[in-house]
Amino acid sequence: MLKRIFAGALALAIPFAPVQAQEKVLKAVMHADVRVIDPMWTTQTIANIHGMLVYDTLFGNDAQMKPQPQMVGKYDISPDKLTYTFTLRDGLKFGDGSPVTTKDVIASLQRWGKKDGVGIRLMSFVDKLEAVDDKTFRMVLKKPYGMVLESLGKTNSSVAVIMREKEAMTDPQQQVKESIGSGPFNFAKDQWVPGSKAVYVKNPHYVPRPGNEPPSSFAGTKFAGVDRIELIWISDPQTAMSALINGEIDFFEAPSIDFLPILEKAKGVKLMKTGTLDSTHGMIRLNHLQPPFDNPKARQAMYHLINQEDFLRAIVGNPAYYRVCHGLITCGSPLANDGGSAMLKDYNPKKALQLLKEAGYKGEPITVLQATDHVTITPATQVLIQAMREAGINVDAQAMDWGSVVSRRAKKDPPAQGGWNIFVTTTGGVGSANPVLHTWIGAACDKGLFGWPCDAKIEELRNAFAFAQTDEERKKIATELQTRAIEQVVYIPFGQWTVPLAYRADRIDGIVPNTGLAVLWNIKKK
Amino acid sequence: MSVTSGNILEVRGLQTQFNTLDGVVRAVDGVSFDLARGETLGIVGESGCGKSVTALSILRLIPPETGRIAGGSIKFEGEELTTLGEEAMKGLRGHRISMIFQEPMTSLNPVLTVGTQIAENVVRHMGVSWRAARERSFEMLDLVRIADARRRLDEYPHQLSGGMRQRVMIALALSCDPQVLIADEPTTALDVTIQAQILDLMLELKEKTGTAIVLITHDLGVIAETTERVVVMYAGRKVEEAPVEALFAEPLHPYTRGLMRAIPRLDIEADAAGMRPRLQEIPGLVPRLTQPIPGCAFAPRCGFATERCRAEPPPLVDAGGGHTVACWEVDRVRASAL
Amino acid sequence: MAVITDDLALPPRRFSLATAIRRNPTITFGAVLLTALIVVAIFAPYIAYSDPFKIAPVNRLRPPSERWWFGTDQFGRDVFSRTVYGARVSLFVGLTVAAFSSLLGLALGLLCGYFRRVDGIVMRVMDGLMAIPSILLAIALITLTRPGLGIVIVAIIIPEVPRIVRVVRAVVLSIRSQPYIESAIAGGTKNAKLLMRHVLPNALAPLIVQSTYVCASAMLIEAGLSFLGAGVPPEVPSWGNIIAQGRTFFQIAPWTILIPGTFLAITVLAVNLLGDGLRDRLDPRLARRL
Amino acid sequence: MTAYIVRRLFATLPVMAVVAVFVFFLIRFAPGDPAAIIAGEDATAEAIAQVRAKLGLDRPFMEQFFIWILQMLQGDLGVSIFSNLPVSRLIVQRVEPTVALTLSTLFVAVALAIPIGVVAAWKARRLVDRLVMGFAVLGFAMPVFVLAYILIYFFAVQWQLLPVQGYRPIAEGFWPFVESLILPSVALGVTYMALIARITRASMLEVLAQDYIRTANAKGLATDRVLLLHALKNAAVPIVTVIGIGIALLISGVVITETVFNIPGLGRLTVDAVLKRDYPVVQGLILVFAAAKVLVNLIIDISYAFLDPRIRY
């Protein structure tokens, strides 16, 4: 009230306050801050969100996870499934007004194919990638790889976005300096305040898919529903929640589950699940290179320490938003199965220690990388450490911020020399629904992700999946893969959960459902 | 205004007390005296005898957090000061009754110019403009014989010598033509030659303005040179009062006699080294003032003391010629050699 | 007014506890409070009725009740037990930092005050350190290595040392210029002996006073560091950690912030009061400088 | 006076040099390998080596140091590891909120604390004084973040009078600007207020016991003139000193306050940069903060001359 009186008084006092043309601004708080503007270079989800605003992709997976053309107008697959011919839609332009040509597309795909795990896999089957003309290009495969369009339309981790050739020529190990794409928004780099705010303005050169196709996940017509989007970074979810309730922001991607009851009651605020699948999947990663977890028996012993409910309660709290999942493929997805899940169901800490001892563990300290500043990983790690300590395991918990965990986990040295034994992380539920896109299930030894599980059979099964022709075959392979991966303990799952996003229903509408990723196109401000 | 007596100031049974952790201190315990118009009255006594407190009581400058006037009356031109409103009291201070303090080095505000400090008094009480007040300040500085007075107006106290500062204090005190000037040890902190100059100045100005002066000091030499009448105080009480000649001719209280014996001879120049002449020659200590003293306060240190001295407070008796003394053994004292 | 108290002869004092308390209410109050907190810290295992580390997610974020006196946190850990154990961490940090920075500051201060050549170098370094805001310096130091109680203590000590060095050095310099010291130097007294006999006793009072303030500030900095995620490991029940973990639940579980916050404030208050009282008793000159 | 200022400016050089050396070595001793972080999560060893070479991290220590000093002297503070933007730009765009917050806190604290301290000294040992001292002692013991959350809870969440978070630049209008600063300034300012109120009271008490105050009272001056002109002007030097010392405290507090209130200032940039080990940014920030502090000390020193005519240079 006071506020209004003051504001009113001031409005009277300053009649010449600048009147701007009613610019529609969407103020959104995401789960993280935009720090890297190269969505190929990093796997961070926030860079992905940024990328999806600025760039466009050749294909977009729809709500049924089927790839649909996005930048591509029409495409053709040869009967032997070895030659793909793509033609771009007419009139596509980058944010700077320059036209999108096949040169840009090929350079972008090649860069992506060097950086992203899925891209690397795809490129290993590509024989030739060549331009036919400015708008048409051809991809020739060595083998009939079955995941070409899915890979091009993938939305988790490094996405196959199309950049200008100039930027696409950047070394994949270096970040691009400019973020200019052919997506619905332009990135206003001059207004970017890393650690606080990233600003996007409507791209005047953007050409949406014609025909006003209804949006379905990443497929369908995308358009800029507002003139300007401000991604504001608020690290404390409680503050962000209050800001939403107070009307300071319109959209809050990752509210803390504990506050959902408050948000549900708040006037004008609505909650919405982003997808049919749970969005996040918790993983405990063991280092396969260092004792004791170089021994599969020791790794398997750890299963008996994990009671998923303990983790999920600590992270999420409200059972309506989490799900115990005794599998590696996202529970609830078409390929979910119970292969190997029996091993995950025997919670018995005493047995864990006994098995560890049998595997040769003699009470050496086990180094756990403990993130101190992460909303979900921090509490999960704390639960793990406590469970290990209670079981009688000698834990050397190394507390550090999440950024340091990220850097430390890349070290293959023994724990005493700066390496590690265990860290906790999460992955997206949509990606882990697919054995090929689910990079953490891989066991590519040195070339794989941190922890470096090494198992030829797992990799074979993943390849086989990509070449499988029928759904039954795929399901069968997925089950086999999961069984094997659980035996090998590529990681220990501790359940999956989803966090609904919260928004001011009295101010905005048009949020695209079922994306599993907060995309902000098509949102309109009332 | 009382015209019945020629007294401008009448103090009767003044009691001033302080609260300390050790109990109530009776710093002034029933002191009475009068001040006639244009008169110079000396109050003399050792440190702690209550003479400064008496002065502050007259101006009601006893800090209210710790002290208060507990009884008695102070009449200024017939007006009762102990019950006067604070605002009216402020109107008197610096105007009709003004005061000079002991320490010229610290009594002037170090961060304000001399001119400002005098002029603000003039502005406060004479209702004139700052410009006029500044002119008056200049005249006053000139009057107290400060050379180059106009330039000095804009100087700060630290730029002046001790003697000059005391001159400034006098200029300040007299700037509004007060009826009464209370000077509390005005020369103690100065060296001997300056002391004489300042005292001469005060007397000279008194002649010019007709201001009555209460001169508070522990120095009987100063008393002898300057005052007309003397009040001797001990432990918060008045023990003797007499015209100055009478007192020096025949001191009647053993304490006064002790003081006389302790006068430093100027040729010794004990104070030339900056040391205050302390009157330590009287044996014994000043009594505690937290307990009521049943008899004569000086009895423990007094060679003439009897049982009665310790038991009953001696009344002030008239010894003739305006000479009064509070001593049971006055006859024995009178009979003994000085 | 000063004149008056000087004028009064005060009777000799007899010692009595009641009088002592009346004379030094702040010291008494601070000391009693601090003693109580130290007792709580020492006997934490007997006072806390449950394991402060025990995670019980089923009981998360329960409000204070008979079973959980101060409620539970996001892991279902008992806030009362954690708060009681937290007294150990906060007091340990406060006291260790105070002790070590005093020793270090004393040594450097004596050196600087005494040996003019060392003085130039050391004081420039101290000026440099003082120019960097303490919490900034502390987080920067902590990120050099992994957070742990030891490194947190070191990181708090380093920015605090210059403050002590300055105090000690000032005392040494003022004592050095006293005639009796000058004559002692002229008389050939050995440096070490001189320091022990004359300088040390004089430096002690301001040092003790200063170190109480350092102690209070150390406890606040420790909490601040934990709050920023750069403090002791998160499972350690320090008050800062309890607050840091509780802050994201403040609106639904305010007890996780308010209770340890109150304890922290009371402890700092106790130490500050003790410091104020000691300052008034030991070193009235310091009162002006706070 | 000018000569004095120039001399004092030169005297700050060694301090800044010490800070520079310290900052450089502090960061270089860090165990995390910045090259590995820059190269990304699944970078190969070669890629990391490449990045290291590019950033000059493989050169000898002393060489790195001299290169760094040279660049710094040219105003080039390097490039942020994470955002790839020049550090100077990151710092410049964060200056306004921090300066606004610091100044408004300073203003609020000084404007409230000095009168409070003066009244407390005037009414020494009375109820007002006890209340003020109680507040001062409590305020000094209150952790900033606890207070901040309590303020947010009541003023922003319960009563919705003020924004929960954020900073509005003054360009967006005066009221939004002020509104966004009220809670942070109060939260940050309480400790500071306590400090200033205490020193004001202590300093005033000492001054009020001085002979010249008795002289002023003996002139029958009005109480406000005695307190505000005669006493306060004399008490000013220690008060200003503490205000200066307090600015250092404020800077530390800013780091926490900006985090709580989500103010995009230098404090939050610092926390972010340190936690993410964005070394060039940390270096730049420590230098900026140190320079700010040195500058404040300089201003304080110079202000003494205006407050006390006895101080000459």
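Which chain is which? They are A, B, C and D, in the order written, and residues in each are numbered from 1.
What we mean here is this: a residue touches a chain if its C-beta (ideal position, glycine included) is under 8 Å from a C-beta of that chain, and two chains touch if they have at least 3 such contacts.
Since the model is a prediction, treat every value here as computed from it, not as a measurement.
Chains joined by the most contact pairs: C-D.
Seen from the C-alpha centroid of chain A, the farthest chain centroid is that of B. Among the chains in view, D has its Cα centre nearest the centre of the complete protein Cα set.
With each centre defined as the average position of its C-alpha atoms, the distance from chain A to chain B rounds to 90 Å. With centres set at the average Cα position, the gap from chain B to chain C is 51 Å. With centres set at the average Cα position, the gap from chain A to chain D is 39 Å. As a whole-number value, the distance joining the C-alpha centres of chain A and chain C reads 46 Å. Residue positions 31-32, 157, 214, 259, 275, 277 of chain D are each in touch with at least two other chains.
The set of chain A residues that touch two or more partner chains comprises 236, 242, 373, 401. Across the assembly, chain B contributes residues 56, 102 that each touch 2 or more other chains. Here chain D touches chain C in the complex through residues 14-19, 21-22, 26-27, 29-32, 137-138, 140-146, 149-150, 153, 157, 195, 198-199, 202-203, 206, 209, 214, 238, 241-242, 248, 251-252, 255-256, 259, 270-271, 274-275, 277, 282, 285-286, 289-290, 293-294, going by the rule given at the top. Remark: chain A residues 1-3, 6-7, 10, 14, 17, 33, 35-36, 41-43, 117, 173-175, 177, 192-197, 232-236, 239-240, 242-243, 245-246, 248, 373, 401, 403-404, 406-408, 410, 418, 449-450 touch chain D in the complex.
The residues of chain B lying in touch with chain D in their complex are 56, 59, 61, 65, 89-95, 98-99, 101-103, 106-112, 117, 120-121, 124-125, 156, 158, 169, 172.
For chain D in complex with chain B, the residues that touch the partner chain are 124-126, 210-212, 214-222, 225, 229-230, 233-234, 307-310.
Interface residues of chain A, counted against chain C in their complex, comprise 236-238, 241-242, 256, 258-259, 262, 309-314, 317, 370, 372-373, 375, 378-379, 382-383, 385-387, 389, 397-401.
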